[in-house]
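Below you'll find the structures, each written out as structure tokens.
Consider the two complexes below, in which chain A is the common component and chain B and chain C are the respective partners.
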Partner chain A sequence: MATVSLSKAEVAYIKTSLEATPPLRSDGRGLYDYRTIALETGVAPLANGSAHLKFGQASEQATEGTEVIAAARLEVEDVESGEGVNGGRISCTVSCSPSAYPHSSAAAIEDIQHDYTALLHEVISHPSLRPSNLSILRDLKSWLLNLDILVLSDAGNIYDALFVAAQAALWDTKVPRTRTVEYSAATSKARVALGGSGDMDVDSVEQSGFNVRDVKTAADFELEDYWDEGEPLRGGDAWPVCVTLNLYPPLYYLDATSTEEVATPSRLLVMYSFPADQPPRLQGMRLLGPSEIGLPLIKTLTQTAQTYATDLSCALRAKLKDEDLRRTEKARQRFASVR
Partner chain B sequence: MAQSGSDRRRITGPEESRAPVFDDEDSVPWRIGEPRRGRGAKDIRPIFLKAGLISQANGSAYIETQRTKIACAVYGPRQSKSSAYSENGKLNVDVKFAPFSCPVRRAPLRDAEDRSVSVLMHQALVSAVRLELFPKAVIDIFVVVIECDGLDSCIASGTVACSTALANAGIEMLGLVMSCAAISVGDDIWLDPTGEEAENAVGSVILACMPALSTVTSVRQVGSMPPATAMQAMDICQERCTDIHQVVAQALLASTKNSE
Partner chain C sequence: MVAFASFGAPHTRITQDRGPAEADVDTDEDMDEGAGTARLAMPGEPITSAQAFMRGHGTYVDREDVVASVAGTVERVNKLITVRPLRARYSPEVGDLVVGRITEVQPKRWKVDAGGRQDAVLMLSSVNLPGGVQRRKLEADELQMRAFFEEGDLLVAEVQAFFSDGAMSLHTRSLRYGKLRNGMLVCVPPALVRRLKSHFIALASGVDLVLGLNGYIWISKHVRDDAQAGEDGFDAAAVYSNKNDDIDDATRAAIARVANLVRVLAAHSVPLSDTVLLEAYEWAVDQDWEVKDLVREDVAEALVAAVASR
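Let's look at the complex of A and B:
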């Protein structure tokens, strides 16, 4: 994680300026301010959903930023013989580009990306967040959603960036429409109707819910030929956002840059999810770094983190809806005006 | 480590293997709303803990909570292998699952999950050990999971064993680190879940703390929980850690009496 090494004097300088009144940060932000976040969805044409995210866009003060690309790909899995499970599953991988960690050895980078992967995977792919439309054929086939995140550069606060990018890519993901194909022994009547040939029958959408035996007979599926890429991945409102509180107990601050991160080794990660019409839920919490804090402080920190998570989540939702608009209606208008 | 491909001296097991399922096994699945089977919701499994059983290590401990069995050895403080100077000592935690430790066989050389378990144990222990006393030195902790029943409680028990072994090695610590796992099932919170119980969980919490200083060194929560429930689970875990502290203190006392 240590991309930069700081001297003791530098660490003390950062610490005292954070503890000063009013607190001072090198880029002029307040303690609880985020850097500007730039987000774009649909950047990888071959993926089912993708997003490009940058924390701290290139501006006068900050030339570097945390840059992350997330992409989701769907794969069909066998439930019977393969690793698939009924209802589908999500698998997350984070890979770090060596240019993001120029001071780390290859082995260290491998460890870093393993840690990021483990943390993201245990939160995002938890069964409680599983989208309801990842199933294809019960007991036979299901979708495996591979969420791959590439860290292009790390200028601090990588965890928040990972979760925002993951949410944006999952929001953008379209699941291809499928319909089941089943083989039915044609009755004599049907044989006449079909002209004596063809025992393959494609079932229609309206299927009797009571006809339990019919469900089992579906043997395979086919992709529907339709003009769009499929229906959006469900459960889009439940994806969590992560808020990293960098701790100098009892003081804390948000969105640390890489130098501040080195000066503040202990942090509390809180992942909140805000499903529609439901109270907010805690989806993950992690204490990192050598820190000993009392349980009462953890409780108050978790509560305050909720307000920041709400803000971040609202802003992200608004941006994602705006992105959807940009890519559909506005693109259409632009196309129409050119024509 | 895995790049060597296959180890010719090792008997290659089958690609995958699973524990047999017997006919007479109680197969009625637990349902939401039923009370917990076998013990109370806030009960933990009885702990057997023995310090100092690996004679060549500086300190060691063996912990057993019914079907979770973990051995742990501490070597050091000893000279760091790397030539780089470090002002503080380093704590290495290396967790290894025995191939036969889980219902699904674990391949001997691959270590994918092991690292995330070691990271959690390291996180729990690192703030308790006074590493500033050992510049340029390294403390190695080797944990072998002989049998694992529930990964969350395995991590918690492993942490307890590690801190016992550290104390047994005579390494200065600010306090003994205790750890306890909890899951949320229905409206209830169950402590120290077994693997079977963890399957019903919607969320889980692992808390590591130093009861002597009443500070928390590690929190890990996953799954979906209302914030209030998670806090409640942490409170209960911390309370139970005080009880585990007694067990550890007793085990350490017994080992020093034996060695005299």
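Let's look at the complex of A and C:
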């Protein structure tokens, strides 16, 4: 539950707990421990890719925890009319359920949504991360990937949750296979085959051997009818993870609960991407909160954040592969039971 | 450390065993609760005929039927059908002990969030001011209300009365009530807190609990017996203090342990009472679990099973 304010005694209690040796947080975690993250992909049958994520207790009755649902949906866009761009694009939207922020007014929730959307969209739809298979027909059609995230409840560390959910949904996304369709004048041979009278005197249009212009012939596309839903969205290894460092200079901690967040003066969000065979890439950074932080400290913090981001990314990758396995297993069982 | 998990199957799926005769309740006899089985209704589910019964809370009339508007148990008093929701906000009663948080300071009163549908009201005239119970409220007190309670402060109070709009009026006219410090708050669904003889619980190992009937549970450092309200060591000056006492690491760990136990029990819908909490705490200490491991799903299930078996 998002709380509006804490009493001075509570803030002091949280602060001294963090500063104690060894530090002990309100739920017994250490400074650098994450809560258990429950993740499931393929939760929305109508989406091209989806994920359900919860930081905190995994049981369904649990009232606490940050819960997020992400879904990706592909849409065809016309490039000629200026609506879409060559190579496709990604658009991210975050919406918050009013029950996630019971103490906030509708206008305040809209502001929160806008903040989340702006950050997520800026990082995820960056050209350096654009998947290579979002194009359908060059200069004509492309895919628009709508990534919608719904925040069901917020018990702290929402930014990390948003990025993990986004990555899981994009990992799960399948792009339908397409085939180009050309309009071409039927040759005389084809006409004969179609049943036209072969002995009549017909004007036949012969292709000139001198026509060397490279005429673009593909005019439209059709979906291939194939047994699976399509090929996975490429660039799946490059989607960034976000690590939020909650700063109590000189110490910092990870995965804050909502009460801890209220008690913490500032937060540093660092987004890292780990493309295969390349060094880790810093995709974005935000400093939230009123306090000022010196550049040398930020430098060391981004470096430490990288190690946590590596851990998070590895664990997430392993979990996503597990999920893929689980779902193929489930599909196989269902198939076997039908037979 | 990062650990991923899967969404497990829910522990208790509510299975609604309905015989063919029970499928629709039309007659008086069917509406009687047979053998203590509560009937559950989903929103939009027709319960019974609107001609024979009246609609109560949680229901509405759609053409010929009384239809449930919330998910919950169906209850009947004579011809009145109500559905008591499974998840609801706290509905206060006079005399209830609640834990609340100040949301607003207004002339002569504080607004308090106590988990109800509306904010509760704490009048300046219903608090104990420093300097004795019999002290008169002065104009100076009105001007410095934030010296007593300010926004965000937590307090324990009793429901005194209701206003005409249904908002509850609180009072803290006892030395046991008042501002809270030296601990942390855990929120659980209000239905899980039963009415007990005393809502102030002292566990072994120096932890005190205040079980608010509104589901707000305050877990704090134990107040020594000679410093309790009314004893010689009672520090009247500290009643409105914002400063925590010194809390040692063992007590802090014990507070965190109790908080996790409360969270786990609430997540598994175990009603909280003093005996349940005592048993759960003993079990956790016996089994020697780390505080952070208590929220792990396997440990949590063992805990709930252990508490349920006693």
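The rule we apply is simple: the second predicted complex is superposed on the first by the 288 of 339 C-alpha atoms of A that agree within 3 Å, B and C clash if a C-alpha of one lies under 4 Å from a C-alpha of the other, contacts with A are read in each partner's own complex, and residues count from 1 in each chain.
Quick note on the criterion: a residue touches a chain if its C-beta (ideal position, glycine included) is under 8 Å from a C-beta of that chain, and two chains touch if they have at least 3 such contacts.
This one's a predicted model, so the numbers in the text were calculated from it and none came from an experiment.
S.K.: Return first, second, both or neither, reflecting whether A:Ser273 touches chain B, chain C, both chains, or no partner chain.
M.R.: So A:Ser273 only meets chain B here.
S.K.: Considering only the touch criterion stated at the top, classify A:Thr302 as touching first (chain B), second (chain C), both, or neither.
M.R.: After superposing on A, A:Thr302 lies in contact with chain B but is clear of chain C.
S.K.: By the touch definition at the top of the document, which applies to A:His52: first (chain B), second (chain C), both, or neither?
M.R.: After superposing on A, A:His52 lies in contact with chain C but is clear of chain B.
S.K.: Would you mind checking which one, chain B or chain C, touches more residues on chain A?
M.R.: In the superposed model, C touches more residues of chain A.
S.K.: For A:Glu19, using the defined touch cut-off, is the partner it touches chain B, chain C, both, or neither? Pick first, second, both or neither.
M.R.: Neither: A:Glu19 stays clear of chain B and chain C.
S.K.: Contacts for A:Glu75 in the overlay, against chain B (first) and chain C (second): which applies, first, second, both or neither?
M.R.: neither
S.K.: Which of the two partners, first being chain B and second being chain C, lies in contact with A:His114: first, second, both, or neither?
M.R.: first
S.K.: A:Lys319 contacts which: chain B (first), chain C (second), both, neither?
M.R.: In the superposition, A:Lys319 contacts chain C only.
S.K.: Touching chain B and also chain C: which chain A residues?
M.R.: none
S.K.: Residues of chain B touching chain A in their complex?
M.R.: Interface residues on the chain B side: 115-116, 119, 123, 126-128, 174, 202-203, 209-210, 213-227, 230-231, 234-235, 238.
S.K.: Inside the complex, what are the residues of chain A that reach chain B?
M.R.: Touching chain B from chain A are residues 111, 114-115, 118, 122-123, 126, 128-129, 268, 273, 279-295, 298-299, 302-303, 306.
S.K.: In the complex formed with chain C, which residues of chain A make contact?
M.R.: 1, 3-10, 12-14, 16-17, 20, 22, 24-30, 32-40, 52, 54, 57-64, 103, 259, 311-312, 315-316, 318-319, 326
S.K.: Can you tell me which positions in chain C touch chain A when the two form their complex?
M.R.: 1-8, 10-11, 101, 103, 113, 151-154, 179-185, 187-189, 242-244, 247, 249, 252-253, 256-257, 259-260, 263-264, 266-269, 290-297, 300
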